[in-house]
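What follows is chain A paired twice: with chain B in the first complex and chain C in the second.
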Partner chain A sequence: MRAISLSPEELERYDRQIGPGVLSVDGQERLKNASVLITRVGGMGGPAALNLTMAGVGRVIIAHGGKMISPDLNRQVLGSESVLGKPRAPDFGEYLRTMNRFVEVEVIGHEPDDADAAALAARCDLIISCPPTFEERLRLNRAAVQAGIPFIDAAQWGITGTLIVVKPGETACLKCLYPEPPPFEEFFPVIGAISSATGSLAALEAIKILSGSGKPLWGQMLTYDGYQGNVAKVKLSRRESCACCAGV
Partner chain B sequence: MKIQIVYTGRSYQIAERLPSEIDLSDGAKLDDALHAVNQLLSDDEQLPPSCLISVAGSHVGTLASHEDQSLKDGDELVLIAPVAGG
Partner chain C sequence: MKIQLKLMGVLKDKTPEDGSLELVDGSTVEDTLRALDIDTERVQVFTVNGSLERDRARVLAEGDELSVIPPVGGG
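Up next, the complex of A and B:
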């Protein structure tokens, strides 16, 4: 019989998520042995990182530059008023560590450039992308495709959120959808509840993929339009001429 | 034939005043449907070129880059203007 790498304390911590319809013990161990990069960790990436930490992903790597400003606090669940005016990533990391001592939290205080993204992808099992620009999203997508690891893109605007789940070499990647980056909108409107919902769904997809439980949304875009109360699920098509994943 | 239209993503607000179904002549194709939708939009409501298009649950490209294709009665056309807030 194979030894279980989870300690009795860990098995107690994860008791409610191990069993029929959730995770197997093997699945929980796979989470423990996994590393996930989440960038950035604001409205969506924050809840994603929090959920992965609570779920027991072994190493949670967060990347986010800049200082916390007041308008961020309508959605950044890892922050508080005590972080206003300070670099947010170190505080966010500390908060995550208080949530689960069995998880290693690594903090990067800036957004990864091309070289950073490639190096991080090489030592991760999955990337969750939550930045506000398509340039950053496409950079992370490229790093994930080159490393051959799953990529989850979460995005939001107003009261709507979207999720895309990429399996490199098998499904469409983000570049297949957007050969040219759509325009950047710095001061987009958003309600924090849609950020949390979208980030949590991204974490759920990551947990399913890493643990081997359930059916991931491979190659699909899930759109939740909270304004209309509509959910749409779209099967994404690979672009034969994709500059990122053609030939992968 | 009748085509169901879903406006979502960045442009969800325009759905409030637009019909969720359009009538097209038999044999109409995707570009006919997109033209009909475009006629319903004011200048400041125009969908972006990067708007994703899905027909009957499958992504077929963007407004700027897609192949025209046949539609059938009851098809759902989903228009997803990209969102990227973080």
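Up next, the complex of A and C:
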């Protein structure tokens, strides 16, 4: 019989999530052996990073530049008023470490450029993308596709959230959906509850993929229109001429 | 003909009161966007009856449901 790599303390910590219909011990071990990049870690990426940390993903890498400002505090759950005016990433990382001593938290205090994204993708098992700009989202998508690792894009506007789950080489990627970055303002209205909900669903998809539990939303876009209370899933088709994933 | 509309995010205020729109027969996705005064350059993601549609010249039929998902971001 194979030895379990989880310590008794870890098994106690994850007791409520190991069992029928949730995670197996093997699945929990797979989480422990996984590395995930989350960028950025504001309204959506913050809850995603928090949930992955609490769930026991072995290495959580967060990337986010800039200082925390007051309007961030309607949704950025990793921060607090004590972080206002300070670079947020170090404090966010410290908070995550207080939540689970069994997880390694790596902090990057800036948004990855092309080279960073490629290097990070090469040492990660999955990327969760939560930046506000299409330029950054498409950069992370490209890095994930080139590295052949799953990619989850979480996005929001107002009280609407969307999630796209990409399996490179098999499903549509973000570039298939947006061949050209559409006009988009970085500072848009959003309420924290939809950010948290969308970020948490992104974390759930990551946990399913990494642990082997459940059915991931591969190749689909999930939308939650909070204004109307409508949930929809749309199957995305690959674009044969996609500049990112064609030929992968 | 009458179609059903689901306009999300920033477009929600353009949704007619009963969620439907009268169009002349043969109207396309592009025609519908123009009828709703939606910036067609800005919006790239549509579904018709729950399936992704990339062809804005697609002719809609009575009872079709058109969803328009404008760009959304993170942060």
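In this section, the second predicted complex is superposed on the first by the 248 of 248 C-alpha atoms of A that agree within 3 Å, B and C clash if a C-alpha of one lies under 4 Å from a C-alpha of the other, contacts with A are read in each partner's own complex, and residues count from 1 in each chain.
Just so we're on the same page, contacts are C-beta pairs under 8 Å (C-beta built on N, C-alpha and C of every residue); 3 or more make two chains touch, one makes a residue touch a chain.
Every value quoted in this text rests on a predicted model; they were computed, and no experiment measured them.
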If chain A is used to align the two complexes, do chain B and chain C fit next to each other or clash? clash
Is A:E81 touching anything from chain B or chain C once the two structures are fitted on A? First, second, both or neither. neither
Which partner does A:E12 contact after superposing on A: first (chain B), second (chain C), both, neither? neither
First, second, both or neither for A:E240, with chain B first and chain C second: neither
Which residues would you name on chain A as touching chain B in one complex and chain C in the other? 40, 42-45, 130-134, 137, 155-158, 160-162, 177-180, 182-184, 188, 190, 221, 223, 225, 227-228, 230, 232, 234-237
In the complex, the residues of chain A that touch chain B are 40, 42-45, 130-134, 137, 155-162, 172, 177-180, 182-185, 188, 190, 195, 221, 223, 225, 227-228, 230, 232-237
Footprint of chain C on chain A - complex, ascending: 40, 42-45, 129-134, 137, 154-158, 160-162, 177-180, 182-184, 186, 188, 190, 221, 223, 225, 227-228, 230, 232, 234-237, 239
For the chain C and chain A complex, residues of the former touching the latter: 6, 8-10, 12, 41-45, 47, 50-52, 54, 67, 69-75
Chain B residues within the chain A interface of the complex: 6, 8-10, 12-13, 15, 48, 50, 52, 54, 57-62, 65, 78, 80, 82-86
